[in-house]
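What follows is a pair of complexes built around chain A, which joins chain B in one and chain C in the other.
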Partner chain A sequence: MSKTAAKNAAAAAEAPRSSVRKTYKLYIGGAFPRSESGRSYTVTAPGGEFIANAAQASRKDARDAVRAARSAQAGWAKATAYNRGQVLYRIAEMLEERRDQFAQQIVSVEGGASAAAYAQVDAAVDRWVWYAGWSDKLSQVLGSANSVAGPYWNISSPEPTGVVAVLAPATPTLLGLTSVIAPAIVGGNAVVAVAPDACAVPAVTLGEVMATSDLPGGVVNLLTGSTAELAPWLAAHLDVNALDLAGVEAGSELARELEVAAAENLKRVVRPGRDHDWNADPGLARVKPFLETKTVWHPVGI
Partner chain B sequence: MTAQLALDEAGLRRLLHGLPPVDQVGADARAAKLGTRSIKTSAKAQALDLAVRMVDLTTLEGADTPGKVRALCAKGIRPEPDQPDCPSVAAICVYGDMVPTAKAALAGTGVKVAAVATAFPSGRAPLAVKLADTVAAVEAGADEIDMVIDRGAFLSGRYALVAEEIAAVKAACRTNGHDAHLKVILETGELATYDNVKRASWLAMLAGADFIKTSTGKVSPAATLPVTLLMLESVRDFRAQTGRQVGVKPAGGIRTAKDAIKYLVTVNETAGPDWLDPDWFRFGASSLLNDLLLQRRKLATGVYSGPDYVTVD
Partner chain C sequence: MANSGIFEYAPAPESRSVVDLKASYGLFVDGEFTEGSAGSFKTVNPATEEVLAEVAMGDDADVDRAVAAARRAYDQVWSRLPGRERAKYIFRIARIIQERARELAVLESLDNGKPIRESRDVDIPLAAAHFFYYAGWADKLPYANLGPDPKPLGVAGQVIPWNFPLLMLAWKVAPALACGNTVVLKPAETTPLTALLFAEICQQADLPPGVVNIVTGAGATGAAVVGHPGVDKVAFTGSTEVGRLIAKQVAGTAKKVTLELGGKAANLVFEDAPLEQAVEGIVDGIFFNQGHVCCAGSRLLVQESVAEEVVDRLRERMKTLRVGDPLDKNTDIGAINSAEQLAKIRTLSEAGEAEGATRWSPPCELPERGFFFAPTIFTGVSQAHRIAREEIFGPVLSVLTFRTPAEAVEKANNTAYGLSAGVWTDKGSRILWLAQRMRAGVVWANTFNRFDPTSPFGGYKESGYGREGGRHGLEAYLDV
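Up next, the complex of A and B:
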């Protein structure tokens, strides 16, 4: 190092530097817009320390997200199951690379030990891989060749239901979000997910992971803010086909209201479970409700 | 300046080039400013209904069939079959050969038939062909004719040629006692400058246009807010000087209710409330109507509707 360079380096080390903070924005249609309303809210640690200002999504952001999801859904459903599996696996790869960042964010918003945070990130990565594997096996497991009394082939196969609104649980932040988004998109649906309160911090980072994972823009849309504010609009939206109430307290008045609103256009609703264990093997409990069975009768032997 | 002004080359050039030049940055900024006005609740409901009444529901495809035109007419008459308070659109806009089909489907409803003529969309045909095209549509019962100007002639400065063509088509609209309204399409996307838009607007109005229309919808950019703003200023100034009121029709690229309301705000703030009427302002559009209907429903029911609940045309 020359003398001047050494001098410059020393000066840089001494000079105070203003930190460059990340703006936590929404993830809609593959882009990261601010809330249309211009609102934001403060995300704090369990101890009350400031972590970030997150965008507080409004009903109009929810409307835009549904529109983005609707326009992305057909293309995503048309992609081959193999391709969808590859994209989900790619999300796992990107997530794995940001392991430290996610673990640190989980500790800051949820509290608890670093080891537990790392365990949650690992569980989330594994879950993406697990669902990625399911993409080209769903039709074998959920479809069937039916025996009928007549000269027909009778075949049933699962088809995506369309746009799914999911209300993510407040904790565990990353694993909860993964466990509600992945099963909805693996079958070819598009998702509008509400990441409540402090969940915003890992949710926005998960959005960055998705934006760099070859996932077509609009297949997953993330709204941060208040579930109680956004959920009624999504539940009543006639262009939403299914609703996952994971983030709503089971048996609460809100859960009841959302189910009533969802009945207007016969949305499929996944009810909230009591004390749901997000670490348990999820099975196909969150995949199957978002698939429609299409049965085709094809004449033979004529 | 009067309407009787001789349409000779030198006179037109003097007049059109004597118009005050347009401040492009100012026009863009003014249009952007007007686009930020917030129209809510009951005012929004009225604006949506007015916009529906102003729509020229359009299908101008090579693949048009009589069945498609009839379906579009049915939709134009009753955009919301289950809501009797939803108004009809202003007109159905089709190619000339579809006029008899549209006329039969719209008989007795008050919805007008508009036909594009004069070798739409390019306008590249001999004058005799353009006039025959116009007369055929008028004889078939078209209430309104949408003609295109010869942009090549306009851009090379042959203003008299353009004016004579417009006047000839205007005369053709009055064949055999008919009296079809003449809308003159300037195709602003090909005119290059705002000054040209202003000159073309004045030229069309002097030559006898009943409406000036931005675009065919086949060229990008089609209608934009600043261009419509300029044309609205032109019709306002033209009425102030000659006493004759001319309508404005932006067409192409207006797809959302939000955009339509921005245009209505611009009409009110530029030309004035006299133009806030389907007789004096129209939207040339196809997908706009569906979005207007979705927004109408959102206001009526309080929940967001979706494209599954409107017809795809």
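Up next, the complex of A and C:
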């Protein structure tokens, strides 16, 4: 190689490379479709810089997501608790491996210091692990053998309620989304989650994590867009069994209206908390509302 | 090799190449493999009598070092870690056991003599599941409903048997670590190898040094672990005879003790039982793991009206059992673990004949080398016979009969043991009626020998005390 050629090659190597950007789509039934509406919205950094065009989910997307969740729910509930725990733990493994990516995305959409973003990712990973460990312990902690006054064997145990619609908080993006999805699915429910506004960016990446963690398609479905637009459809949907209003302002008119709509088929509703601390120990507060208790009687005798 | 007749199988040996055996092994103390201060002993492949490796014989000084390391690790690291962080190490261990599952399975079959199908499909997956289950508890102890402020006990001294070497290790180590204790574990003399591979797994998991210490050796080593004043908790699985000695040895100390000991389980078959399934369950109950199972269904109690049919079907089924090379994937019954155990099984079987019971085994050609014993049933057994009272711990079944449910209960409970029981009937209410009356810690209905990390296991009466597995298994390792 001549000296000139070598210099040119070195210069080219130093030239900035144009990146290949990701298309942000929805996550429904294990696939990543665009919104059927063809709409998108601009996600910007707190400073206003363009980050991405996210798919703006529509009523039709919400209905598709509910159908996907319903189709997946029975199989997910039937999987052994051990198996469900392994899948949730796998999500934690995949999330940990993408730590840098999530931290960057959190900084870009939420602003703030890199250390805080990393702390949020770590908390999200630990939260998946926390719930992974619960899968085969829920019946041991929430179930019981009941001493009825008669010759009967009597056992109560928790079962999933079905399809849960969750409205994720706007921030913290990744930890908030994790904190509403994981407790709903650990007991065997399927979820339709609304990831609002800028939350779309880590949400879609979380969808990629779930898609590569042996989580059956449809167990978690992610809709990006506007909570105000999507929530009423989900709250009124008669094939949704429960509703987590985490992402709605406590005491707001919207919160009340959604609860009214949810009452039509007596959805189990988790009301929004005031100044909820997403870093606090979550306990089982978001697990129990999405479980039914089933009691079985059986006679005892020769 | 075992059965001529309609089933001719080509050999289907599992490869040994996955296992990297060293010529000799030291003790695992404070995160490192170290030389023992005393001599060594040989561990052999019971299917061939070939020496597999030399293993260090831990003595009092070694146990002392191990307990000191465990205490340091407890004080300085493990008891101070939040449960959430302890959990991560235990999850790592579970994952590495899954990753190295085949290697562990082959090694287990080599050292123990159990069929590869069993080590591959039962022992190793259950061991991994056990770690996975208890990892999840590490940060959830206040939810276990055992007390408002559960605390670890300190250093746990654990002595385990040779029948399920890695699985028994998992039953001991997983809950101990999850609850915040550190451990000194003594594996059985005849099956130390998977415990030593487990030590390597602890290294791969970056488990802090001293949290798990493994001291190989024989009875005296175990006694040194149990008797060490620095040990806060003693957990033992093995014979009732040794369990009694341990209970006496720790008397007057503050040590918390759990004992999982022998059994002589009754397997009750009623006339309305699905007989085909029952026969499978009887076979699984007594011939699984060569009958080296403390909860084995070693006393078959059959309702008189179906006794002849059940025994006929059982004999037919036994003719298809394949005895031989543990590493052959078609083998049902592998090698007896040691010459000593084989002698014990022979002695008790001879006593059965001498006392007047009728002995039967299918035509069965046993390998020339190694320790093997043909699957055997005794009919015409009375409750007074030694083979109906003593734990044989081998592939030997005693058949007795009963007429009424009350008589079945009477006979089933007529034993010093109380580890497990089996019930076969189509009637649900009767299952529960019998289950309530069995003086046994585990009752299997229309199934047998089922194990799960979520399910508590342990005995009544002289089968020991304390439970392993499930939420209840935490209590053994907590100050509550």
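Keep in mind that, in the parts below, the second predicted complex is superposed on the first by the 283 of 302 C-alpha atoms of A that agree within 3 Å, B and C clash if a C-alpha of one lies under 4 Å from a C-alpha of the other, contacts with A are read in each partner's own complex, and residues count from 1 in each chain.
Going forward, a contact is a pair of C-beta atoms (placed from the backbone, for glycine too) under 8 Å apart; a residue touches a chain by one contact, two chains touch by 3 or more.
Values in this document were obtained by computation on a predicted structure and should not be read as measured data.
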Answer with clash or fit: chain B and chain C placed together on chain A by superposition. fit
Please work out whether A:85 is in contact with chain B alone, chain C alone, both, or neither, and reply first, second, both or neither. second
So in the superposed three-chain picture, is A:36 touching just chain B, just chain C, both, or none of them (first/second/both/neither)? neither
Take the Cα centre of chain A as the vertex and report the angle out to the centres of chain B and chain C, nearest 10 degrees. 100
In the superposed arrangement, does A:63 touch chain B (first), chain C (second), both or neither? first
Return first, second, both or neither, reflecting whether A:122 touches chain B, chain C, both chains, or no partner chain. neither
A:229 contacts which: chain B (first), chain C (second), both, neither? neither
Which of chain B and chain C A:292 touches, first, second, both or neither: neither
Quick check on the superposed pair: does A:130 touch chain B, chain C, both, or neither? Answer first, second, both or neither. second
Of chain B and chain C, which one contacts the greater number of residues in chain A? C
Once the two complexes are aligned on their shared chain, state how close chain B comes to chain C by Cα atoms, in whole Å. 27
Can you list the chain C residues touching chain A in their complex? 84, 87-88, 91, 129, 132-133, 135-140, 143-145, 405, 428-430, 432-433, 436, 453-454, 470-471
Within the complex, which stretch of chain A touches chain B? 63, 66, 70, 233, 236-240, 261, 264
Please give the residue numbers of chain B that touch chain A in the complex, ascending. 302-309
So in the complex, the part of chain A that touches chain C is made up of which residues? 81-82, 85-86, 89, 126, 129-130, 132-137, 140-141, 153, 284, 298-302
